[in-house]
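Here come two complexes built around chain A, the first alongside chain B, the second alongside chain C.
And now, the complex of A and B:
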């Protein structure tokens, strides 16, 4: 079941087209990743969904209520955490319970002024505010930007818990490892166009991805041109690209036997979202 | 309604925590009142009849025009407005709560002056209370209205601060609160009549309702309309 359906979204600032026919659906209960380089149109897409920007063309349909954590958020510097939570609760027709923010690590910060919070604490506060109304769909625009590793792990855990609760999450991030770790599906934007929309979690399924084995031999070997599995070779090492790790290992051992050398070291590399993203962006640039 | 009341009370508390608001709403007006009030009275003892009105006009003008725009610039020139908007809090509520909160603060200041002036300076209190307090209320609203415009049209607090002086200083000099306005050249006397401080001082020292009250109301209504239009534009620009 679709939680969000974006259809033929177009947006232009003057002569500059920032969104060109963007179309995707986000299924209920999934974490959907939106990635792209700066200026690709991620934030504009999200702001159109959030209602902060009006698209020139196209439509957006929701099934459920929306909670939003913006890329750049702020609150009055003198407001205390508790007051912000109370204010946003009362405007959403709810009463604020201090224990409801324990999960965000906010319980010890309730009397602290916004200006005295760290970046990570501010991010967690804005996430807590976005969840105050118990929304069905959550839009998180670069939720871990500027956070240290602890902060990232905390936010990741919160997002994973949201999925467990059946929430739909749309996540924009520059951190491709984060996208790979959290998202069920991804869309890649480039120059305002949707250049890839994964249809399943295959993009992150390590078993279905090509494996590269970088192997080092005890002595340099000369490889024949017919050895198709060899992706790249240097004097004493080769890189084999294969869909199956076992095949690559057998090939390497045979190669060592054939050239009377020893296999001294090997590293297994897998193509991740990062490689996929780089390939697409490179292809886009060259075209 | 509950949400609106909460927003107003919160804004009132936030104003108390704001250095700029405290300085412009209370600290400087009260220091000015004590020192300058003493000097005025010792130079011209007849000023005991107008000292309450003149010091109140000064304090309200300073708070409304110079001080009140600060929280608005902080809010509307930053990402605060987006954060509120996505949480379904109308931007106009921020303006309304700011205005009501400012009104309460400046009323508190005026009441402090009202009760202390007879003790400190043997000041004579105005006799027509409905005229005095209605004029005061309108002066506070008009000053806050002008402050709202500055707060909404400037994106930097330092630029806003300089711009507000363009209204505040002539307002102070030409209103007749520092020295009688009839000592000024005719041109300046006429110019001075359009400043809220002049209108407020004239209305507050009168013993009957005057057209100045209507003009103050007109300033507030016009400023409110301009502010609402500006907020719609800010909303559209997001």
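And now, the complex of A and C:
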């Protein structure tokens, strides 16, 4: 069941097209990642879903209530953490319990003013505020930006727990490890266009990703380069890119036989989400 | 809407705006009678040492009427500057600092956000105006003698309060349109002083919000003389609030 459906979303400022025909659906209970370089349109897409910006064309439908944690949202500097939490609880028709924010590490900061919080503490507070209404759909715009490792792990755990509770999470991030770790599906945006929409967790499945086999022979060989295999003269090795490891090994053995040399060493390299992302962005730029 | 009013109370008290307004109004309330009773006679005595006490009284014409009238004039001239520059950020800064993002994504309606601001600050300024004018009335009555009817004083305070609503509506509208604090304050001040000047120059106070100020400083309640000005002011407030709401609806938030 779809929690969010974005259809033919277009947005431009003057002549600059910020979003061009963006279309994707987010299923209920999944963690959906939006990736892209700065200015790709991630935050604008999220802001259109949240209703903070109006799309020029297209439509957005969602079922359930929204909770939002944005990069640049803010609170008045003099307000205390406890006051902010109490105020937002009232807005959401709930009573505030200090123990409810223990998970965000906020319990020791309740009397601290907003202006005296670190970036990480502000992010955790924003996330706590977004979750006060117990929303069905949570939109997180770079939730771990500026956080230390402990902070990231804590936030990741919170997001994983939200998934366990059946919440839908839409997440934008520059941190591709984070995306790989958390997301069920991803969409890659480039120059306001959707250039990849994964249909499953395949993007993070290392077994289904292309591998590179880097092999060394007892003597250098002369190789007629193809799309699959290249000779790297710097390291005196042959590199084969393949979807099937077995085929690559057979090819290498045949090469050794053909050139009367021995296969002395080989390394298997698997692409990460980062490589996939870079490949897509490079292709996009060259086209 | 009470939830939004609570937010305004919290933000205003934490930012020190309430404190500035309270202190300014109270200062103006006690300053005018003291000026008339103590400071101005003293200055005159120093400047004109040969002047008799009777001549001095005639020159200064100190009374409860001049004290309360003077306070109301000060409230328009000085108080207006304090009010405008204390509250000019009420809308514009919230938009620029993205502090409206949380209320909006929490589902608060624009009409409620605007209504909460004008209700809260309107109530604060009305309460302070009436309180200050009563303090001025009581204190000047003690210093001189009671000569004005309390209902005229209260009515003057009420009209000043309506005028302050007009000022707040200006601050909200220009704040939403310009999204900048100081220009919002300056435009509001120009409008306030210009309408006062134009109203006096062409004798059209009755058709301008400035008529409320003109009326209140006379300290004589006469509904017929104020009805058209009151209607125009209320009409303008409604129009400005509608423009504010439409501007906010069209606006894009979360400035990066």
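Quick note on the criterion: the second predicted complex is superposed on the first by the 231 of 287 C-alpha atoms of A that agree within 3 Å, B and C clash if a C-alpha of one lies under 4 Å from a C-alpha of the other, contacts with A are read in each partner's own complex, and residues count from 1 in each chain.
Rule of thumb we're sticking to: a residue touches a chain if its C-beta (ideal position, glycine included) is under 8 Å from a C-beta of that chain, and two chains touch if they have at least 3 such contacts.
This is a predicted model, so every value here is computed, not measured.
Peer 1: Overlaying on chain A: chain B and chain C, fit or clash?
Peer 2: They clash: once the shared chain is superposed, the two partners overlap in space.
Peer 1: Which holds for A:43: it touches chain B only (first), chain C only (second), both, or neither?
Peer 2: After superposition on chain A, A:43 lies in contact with chain C alone.
Peer 1: Given the touch rule stated above, what does A:95 touch, chain B (first), chain C (second), both, or neither?
Peer 2: In the superposed model, A:95 contacts neither chain B nor chain C.
Peer 1: Just checking: does A:78 make contact with chain B only, chain C only, both, or neither of them? Give me first, second, both or neither.
Peer 2: Both partners.
Peer 1: Looking at the overlay, what does A:68 touch: chain B (first), chain C (second), both, or neither?
Peer 2: Both partners, chain B and chain C.
Peer 1: Quick check on the superposed pair: does A:129 touch chain B, chain C, both, or neither? Answer first, second, both or neither.
Peer 2: So A:129 meets both chain B and chain C here.
Peer 1: Identify the partner contact of A:53: answer first if only chain B is touched, second if only chain C is, both if each is, neither if none is.
Peer 2: Both partners, chain B and chain C.
Peer 1: So chain A touches chain B in one structure and chain C in the other; where do those two contact lists coincide?
Peer 2: 47, 50-53, 68, 70, 72-76, 78-79, 83, 87-88, 90-92, 129, 133
Peer 1: Over in the complex, which chain A residues touch chain B? Could you list them?
Peer 2: 47, 50-53, 68, 70, 72-79, 83, 86-88, 90-92, 113, 126, 129-130, 132-133
Peer 1: Under the touch definition given earlier, write down the residues of chain A that touch chain C in their complex.
Peer 2: Within the complex, chain A contacts chain C at residues 43, 47, 50-54, 66, 68, 70-76, 78-79, 83, 87-88, 90-92, 129, 133.
Peer 1: Within the complex, which stretch of chain B touches chain A?
Peer 2: These residues of chain B touch chain A: 2-3, 6-7, 10, 13-14, 17-18, 71, 74-75, 78-80, 82-83, 85-89, 238.
Peer 1: Which bits of chain C are touching chain A when the two form their complex?
Peer 2: Residues 3, 6-7, 10-11, 14-16, 97-99, 101-108, 250, 252-256.
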